[in-house]
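See the structures that follow.
Presented sequentially are two complexes of chain A, the first with chain B as partner and the second with chain C.
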Partner chain A sequence: MLSKAISRNTGPGRPADMPERRREARAAYFFLLPALIVLSLFAFSPLVFIFVVAFFDWNLFRADLHWVEAANFVELAGDERFLTALRNTTVYVLGVVPAQTLLALLLALAVSWNIPARGFFRAAFYIPAITSSVVTSIIFLWIYSKPGLLNYVLFRFGIEGPDWIGSPKYALGAIMAVNVWSTSGYFMVAFLAGLRNIPASLYEAARIDGAGPWARFQYVTVPGLKPTLFFVVTLGIIGTFQVFDQIYMMSAGGPVNATTTLSYFVYNSAFRYFRFGYAAAAVVLFAIILFVTRVQRRIIRPEAP
Partner chain B sequence: MMKISVVRRRVARSGILALLLVAAAVFTLPFLWSLSVSLQPPGDVFRWPMKLVPDPFTLENYRRLWTEIPFARWLLTSAGVALAVTSANLFFDALAGYAFAHLRFPGRNVLFTLLLATLMVPAHVTLVPKFMLLNALGLVNTYTALVAPAMVQVVGIFLMKQFFESIPRQMEEAAFIDGCNRFQVFWRVVLPTSKPALAALGIYTFQGNWNEFLWPLVVATTSDRFTLPVGLAMFRYEFRVEWTLLMAGAVLIALPTLIIFLVFQRLFIQGIATSGLKE
Partner chain C sequence: MYRSGITPFGSIVLWLALFLSGCEQQDAVPIRLTGWIASPIEETLTRTFVDTFEQRHPGLSVRYEPIAANYMDKLLLMLATGTAPDVIMIEAFWIPLLVEYDVLLPLDDFIGRDPGFFPDDFEPVLLDAFRSGGALYGLPKDHSTLALYFNPDMFEEAGLAVPPRNWDEFAEFARRLTRDTDGDTRIDQYGYGHAEDLEYSLPFVWQNGGDFIDGRGRIVFAEPASVEALNFLRRMKTGGIAVMPSDVGAAWNMDAFGRRRVAMAISGLWAANFLNETYASVPYRVAVLPVGKLPASVAFAVGYGIPKRTRNPELAWRLLRYLTGPEGGRIWVKSDIGLPARRSVAQEAAIERDPLKRVFS
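Entry: the complex of A and B
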């Protein structure tokens, strides 16, 4: 360590009296500076500031600003649209995450088989994931309309389909299906990478021990995919919590709030009704609800993660 | 005995192939059909029986995109913003990733945990305060507002850190002895060997920013600052729904990301593999 420090101190432009440790730290902060400035402004301070905004009646376009204590929260608790948004978001996450995870896993397993045109299939499943959500929303808006492609296909099978996005009964499910369709290709690639990380020797050993295909899947593939599964489910939950684009483009939260999710509620409160304090309070209240349910689960079932 | 298992495997293989073909149709037909609608003359796009091949065929919708709506303007904004954001990320994410991978400094682990924690925060949580900040700075509806918040992304820092950790340090040591300072080592020795990771990050960032919707929707308030997705969304809401024109716009927005993907498929997959799974 010492000899290294001495040898480095002989280079030009290096203050010889500064210890190597401190010079390294100074360089590190210099390297981190741009990232820290941007993230402080647009990631860290907003997270703090939102707790302040939540206690104000704050309208940017009328220069008035009142401290309203907990009035925003009290109003939220009685706001039918907020409660609907909470319910819809829960349905959305609990519906889409398992479906897209399972579909992604199945696609990955099928594509990793020794079949012709694997590259083609992999690309075909991945394309929706790299396409703008505005584009896929417009396409599915057309597919889902009353005389659209989906109902035409159903008609050929003798079924008369509804106006999918126009009906409070089907709208949310229809948008959830688009989400599953557009993201499972991305997670398929994650599973493919996970599958490749399982050493072939494990399969060989299992085969020698007389394990059939199903047993090999159960005892080698599934445990080997655990880290990937964690990654996929975590990203899936975060992604579905913030679903906005499809809702905005396809249904605008309707019909009768059937597709109003939390992110859409926040957007509407802030950028349509210009109630920034109210929107911030919705986010804070939601975070509190999430936290409380987690703590509750810990208390009721301490062994649960 | 041998023969039975061979037959069974063949049957299973063709079964899987058939299922994959159906799945591939479900994943790609919506795109082909939208392409078909974009090539139909304006009018009734819901004529049953529906046909995939447009008849009569026309490029009229694509011509109208350039003449009747400010599509060219939106395209320029989108491309400019995405390129600016991508170059900023390549430089800043690499700098920060290098510090985390190869330098020791007080607070390193705390800082890294903090960064990872921001990945768990959904976008709409910071949306309102972010907008208020830009409004206070008088930056709403500027290119700065479209670019600045996206100049650094935690996923990018993480991806570069993972890559730098795999680079042996001997090369850097040699450069130190030749009298380079740390930035010179980073710039002349480390970055040139990181081209695959930089390419993966660049493609990932460009594609993500090209498709970004919520943030430009909020900070771009007049048509001359719209990006393509926002422009198309506004078009859908402000005019009566003209499906053929809308689909032509959709096809043109999807085209660049599709081409980039088909050309650089490998890098996409590599990006996902290194960003999430090896830790």
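Entry: the complex of A and C
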């Protein structure tokens, strides 16, 4: 009520409303303060700290930090394990994100139709998302083990399956599959919400215009889902870049670093070898690489968003 | 309204103050003790320890804070941040690392000032394992070498009477013990179950005259003597007569042994305890490791140390001397996880006459 009265008397941009706006801003900041304090303590300052620590040799056991200039970065550039971690992370993101997005979309479309036991399927697809990743990791360790469920099924078809997690050739793919399985249900819900937001009148209009099911999907559903798609892909990329729990539980980065992703490399450098400067440098270098590739893409394809 | 709003807050402050002062008034801060749990019996015994220690030392109290999993991960972080307990369980293997990080308190001064402790009673080899650069950083609680566990029933079925004495026999026996027991054309009993950890390949490397790291700290993995030993193990694995625990869906090699998936496995005395508790129906016998070019085994020594940044070194020492003293040794003997580190205790317990335990000494 009050705000209505104010906006009638003093519109935005007029000098008379400046003190009012300032007062409002002050109030807003006052309410933001607790969140800002917590965020700066636990998010912003560690972020800045990473850039500082990256230039030091610091192992937590000694109080003193040694300034080592760019030695950490030079070592990283020649560290085969870091390069392997970069490669594994890239494979992981490029493999998991499209697969989980597509699967989530298909699941969402499937349960949005009026099929029998729709509620059951919705719940069933969502269960992996609410199950602890430690639990799903252990279940999949059993499924993937040499005498496990997967190889039992393969044996029925006359195929002698490998030790999936114990083999450098299959370990990363096996863990990627777990990730796709466990996150698709979560993103399915996002797509379901997106589907709901597409007005039924659009479908109706398309039908009147003579569009078949595929054309309706292509020209109504897909454009309507664009914001959801952006949300799902962004969250997917963030989630896969920081994959850690499945790797920690299932393979510990092995065998022969086949599943060492960037986050696991950073964890190992910091909390196993206590090289905090080196770990921080890996984070910084990775951020730079990401930034550079983004800039590069803009230069190469200026029409990209 | 306004005034009554303040009163509860004030009362909370008052309560907090009372509570804190109440804590202060209690007897001294407890001595914190940590360790991993190799078996339930070890946890029970440690709690017995704490109780008897508190009885013997009126006014002192101990808080036992075992770390159930990822012991080293957690302990190193606690040491680095100065929050580690006052007495910590350590393995002699870790001494070089912990000394490099400079987190352990040298114990020589304490021992020198403590005439009733008798450090000469310890097995000298075990004491040396906790020494670095002339200083002593830990005291052994118990120890065990690695020995060969075998399933006598499986040996009998394969027509074998005695455990393998050398590598040739070891490989040959493993081949004869690898069988399909239920006739579905799939092998379900393997000759030998090899543990992944480095320490379990080390006896083979040492028996072949090789090493992982030589006396000067150089890595000598690639020397012919080491390569030959590792190749021997690799051939057994690729030949299908040896498996890793994961190949048969087991958590570790003695788990595979307990599930009757392997006929032979290498482990320490703690595995006997594990088999008795978890797989009581599985028969087992123990023999010294088959011998290569020379006889060798790996000794695991477990003990206690005091972190450098502990607030109460004197109190920590009183607990440590009890844990590793003659009286403490007599309690550990009952655990069957390791052999006593003190010679007097070993003599008293007649380890030499115990057919199982003497294999591990």
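As a convention for this text, the second predicted complex is superposed on the first by the 278 of 305 C-alpha atoms of A that agree within 3 Å, B and C clash if a C-alpha of one lies under 4 Å from a C-alpha of the other, contacts with A are read in each partner's own complex, and residues count from 1 in each chain.
In the analysis below, a residue touches a chain if its C-beta (ideal position, glycine included) is under 8 Å from a C-beta of that chain, and two chains touch if they have at least 3 such contacts.
These figures come from a predicted structure and were not determined experimentally.
K.L.:
Look at A:145 in the shared chain and tell me whether it touches chain B only, chain C only, both, or neither; answer first, second, both or neither.
P.N.:
Both partners, chain B and chain C.
K.L.:
Once the structures are superposed on A, label A:164 by its partner contacts, choosing first (chain B), second (chain C), both or neither.
P.N.:
Neither: A:164 stays clear of chain B and chain C.
K.L.:
Applying the document's definition of touch, where does A:59 land relative to chain B and chain C: first, second, both, or neither?
P.N.:
second
K.L.:
Considering only the touch criterion stated at the top, classify A:271 as touching first (chain B), second (chain C), both, or neither.
P.N.:
Both chain B and chain C are touched by A:271.
K.L.:
Given the touch rule stated above, what does A:135 touch, chain B (first), chain C (second), both, or neither?
P.N.:
After superposing on A, A:135 lies in contact with chain B but is clear of chain C.
K.L.:
Which chain, chain B or chain C, ends up touching more residues of chain A in the combined arrangement?
P.N.:
Comparing chain B with chain C, the partner touching more chain A residues is B.
K.L.:
Where on chain A do the contacts with chain B and the contacts with chain C coincide?
P.N.:
60, 142, 145, 147-148, 271
K.L.:
Quick one: which bits of chain B touch chain A in the complex? Just the residue numbers, please.
P.N.:
Within the complex, chain B touches chain A at residues 13, 16-17, 19-20, 23-24, 26-28, 30-31, 33-34, 37, 45-46, 48-50, 91-93, 95-96, 98-99, 103-106, 108, 111, 114-115, 118-133, 135, 148-149, 151-152, 154, 157, 176-177, 179-183, 186, 207, 210-211, 213-214, 217-218, 228-229, 232-233, 236, 243, 246-247, 250, 253-254, 257-258, 261-262, 265, 268-269, 272-273, 276-278.
K.L.:
Enumerate the contact residues on chain A facing chain C in the complex.
P.N.:
Residue positions touching the partner: 59-62, 142, 145-148, 163, 165-166, 271-272, 274.
K.L.:
Per the contact definition, I'd like the list of chain A residues that touch chain B in the complex.
P.N.:
Contacts found on chain A: 7-8, 11-14, 21, 24-25, 27-32, 34-36, 38-39, 41-47, 49-50, 53, 58, 60, 107, 110-111, 113-116, 119-121, 123-128, 130-136, 138-140, 142-143, 145, 147-149, 152, 155, 181, 185-186, 189-190, 192-194, 196-197, 227-228, 231, 234-235, 238, 241-242, 244-245, 248-249, 262-263, 266-267, 270-271, 276, 279-280, 283, 287.
K.L.:
Can you name the residues of chain C that touch chain A in the complex?
P.N.:
Residues 73, 76-77, 79-81, 101-103, 244, 246-249.
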